[in-house]
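Take this structure first; my questions come after.
For clarity, chains are labelled A, B and C in written order, and residue numbers in each chain start from 1.
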């Protein structure tokens, strides 16, 4: 485990002004302790409900237990925004969805036991009416089959844009025995009950309105909600622990993580299928298949902390000074000729000499 | 991908005893191979059952399929310890929970369609009896509403403290072609059937009793079980592979990861809501809403492995010697004047010279 | 956050041919930006179905909503390949599975309330007929108890070897503002509809047939399917962004992650238990317990990107040259005596001098 830490900046200025540049003296710190990387834990809790009343479905109230999948509230969570529901599926027989390879005239077109992995089931050998005009091969499958072309053009749970999420994040830099959390010391319960994150007015509130964070990621909630997508909530805990540790605060940023390349938008969005299983009174297993479209939020915590250490400081300063001694040899010789003890370097006066280097005298 | 590795320690001792310090010569190793970081996989399996018999609920046996959520047994798992159950919810109407904003005198106080995101549903416009003494606005929601103030003061599954978890962890340092697992070579099936981790008597047993690991993290199981929490199980695979690889063994530690700051304990604990969905004989969808409190365990595997490499060794040794050459220039000049071939440095005698440096002669 | 990057190789050749080695000048790059590590997101989508018709079970079609657990399609997913089903469990009483500690002659052998954590429930105090020949103590538990010794020797979902998985992976190196995805620019929807990954003929297709990737990991699908296992799908995005960024392409590899040590195969495979909960018409909760064996796939994305930076280049080059100056001091002195301005080093002619060093003149 290691961290990189720049603690000193040297200005090297050639008196002839041919060259002028900075050297950052950087320290690769070796951990003496076992654990050095950030240990982070995230919990999330979504609030809000949505009411839907469309022609396809009965009026319905959606709460967290309906639209947050998985429900565990860890660093990755999904909010359902649009869906194709196929209720009352059972293991039975039904005609395939029409397609050049499934349309048939009579049973001879349908080979029993044939199994096309791009279709939906095992053929029974019969050719059945799919509709009044089309006949297709019958299959054994979860029937009726899902028709996922009926995806609503406007997201069903459009109201989800006003849901909020409380993110609790505790971190540790074990090497420095530093503990931090994104609920800052001055945040109390009554503030937390009403605040909402706003980069300008409320940058410390750990409650985020979905619409806002998606717009900060330069995306549009309603557009993302239709076909789904992935949004990163990035929490940066990079800190310089040499200074007052109270300055070590989380910085939030938001980034759309799924590709939205306009030129080459193959396989866009984010969806997955899951089912709720029921058992009918007659003992038959029945399921409601849901093709769920929505936004997956991923809380990504990162950062490294640096703190001054004498050993790496010496090693790095030495390497940088060695380089300077090559660059500035001519000047140093000049210094030497002027003051005979210039070579009389000890660690102490290397540090003393630094301001000298900074003044450009080399 | 890189690892930091300290392979040599130089003593620099000023003969005048003004200065005396160590320089660790550290190697930043460049991987020639594609993969250098730890590749780790964790599986977990919880064992145990609990019997509950409270006034709220029928007597019940809880086994892993009831209390381990999600059930997949990967590096993060949750053990249910306390819960608020709201059975037989359906999409219907019911009076809101009493609250200054929901209490009403008559229907005029309840605007139809009003939707307060901090409450539980959409108002129907009626004012109904919540109890014999209080009337509240009726809402359309999953009814009856959850009353989560009835959380048991003593964790329902207090017996979970005696559950055990078997953690299987396989790791690879691909660059060094090193494979390790936490089930050590000398561990056989019969030992595994009966052992239990104990830092002193059984440090190699990968079966952990929940109570013990929580007490090692300086927390109290019963206190954590009531409102929930998060516990980190840290496995450190940091290794020096220059030595016999058999020394590369996992080191376990335990740490409570959620904040338990006494001063500022806003939003404590860990809980989430999920539902089990049923379909009634009449086709109506019904659910049992569960507000689950419990302990989320997170197995965090970390570590870096180091191994000697000649190229970085030379680069680093060079940088360190350059530093020494500045520090010790005076002494070296002295050496030079004494033995004319002191400057006659080759890589070979840089290594030979190291003991010299160690003796403080610079 | 940092990356290691080797940008220059110096040949040092001793004219006397005693020594001859390369020095790679490596740069530890410091990020000026907040985020430097790979930010990666993965979605996965499995396709395929399986038909089973065994004596134990009714004929059944298995699709993604049945065998992919959890269903969310993130970087870790599980495909069910074998299972032990225990249907119609209720909270009730039944005799324990026969075992030296559970077999009884009469009720006196069964202490009421006794609770052995290695067995399955709480004893009721009765001794009942487990079969016509064996009597065991009765317990209160989810009854009937699971008999998991009936695991099929041939995986039930053997057909899963022909399932395919589409992996979508988007990555960002924020410091370099580099975005990449594994669906390459030349891949269009029609190609994606039919292609299948093949290291030789189709290395860019992000659709993987399970059988192929398991055989690339030197494992056997059918053998893994019986008792389960874990397979890593590694995507390496290590890149040198100094060159045309179009060269930054993902490299796939596959590795079995669970141990398959022949000598010490304790606790092999991968399985977990979960339940589907039903409510009977009479209101009694019933569950189907499933002990699921299968293959957990873990998509592991890693890599670091390097890009030339002038500041670290100078620091590192300086350190390396300092080293050379010690090694080559004799030769340099020789150069100096020949050309008086050899010490007249500026940054400019350090770079000029490099080819000199390369020629072995030091």
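The criterion applied here is as follows: a residue touches a chain if its C-beta (ideal position, glycine included) is under 8 Å from a C-beta of that chain, and two chains touch if they have at least 3 such contacts.
Here is each chain with its UniProt name: A, B, C = P2X purinoceptor.
As the structure is a computational prediction, the values presented were derived from the model and not from experiment.
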Fit chain B onto chain C over the CA trace and report the rotation angle, somewhere between 0 and 180 degrees, nearest 5.
-> 120
Is the contact between copies chain A and chain B built from the same residues on both sides or from different ones, judged by whether over half of the numbers are shared?
-> different
Which whole number of Å gives the spacing of the CA centres of chain A and chain B?
-> 18
Give me the residues of chain C that touch two or more other chains.
-> 28, 70, 278, 281, 319, 322, 325
For chain C, which residues count as touching chain B in their complex?
-> 4, 6, 14, 18-19, 21-26, 28, 69-70, 76, 78, 91, 115, 117-118, 120-122, 140-142, 230, 232, 234, 236, 238, 251, 253, 255, 257-259, 261, 263-264, 266-267, 270, 272-275, 277-279, 281, 287, 289, 296, 298, 300, 302, 304, 319-320, 322-327, 329-330
Contact footprint of chain B on chain A as seen in their complex = 1-2, 28, 30, 34-35, 37, 39, 41, 43, 45, 47-49, 51, 58-61, 63-66, 70-74, 162-164, 166, 168, 170, 172, 179, 181, 183, 185, 187-189, 192, 276, 278, 280-281, 286, 310-312, 314-315, 317-319, 321-322, 325, 343-348, 350
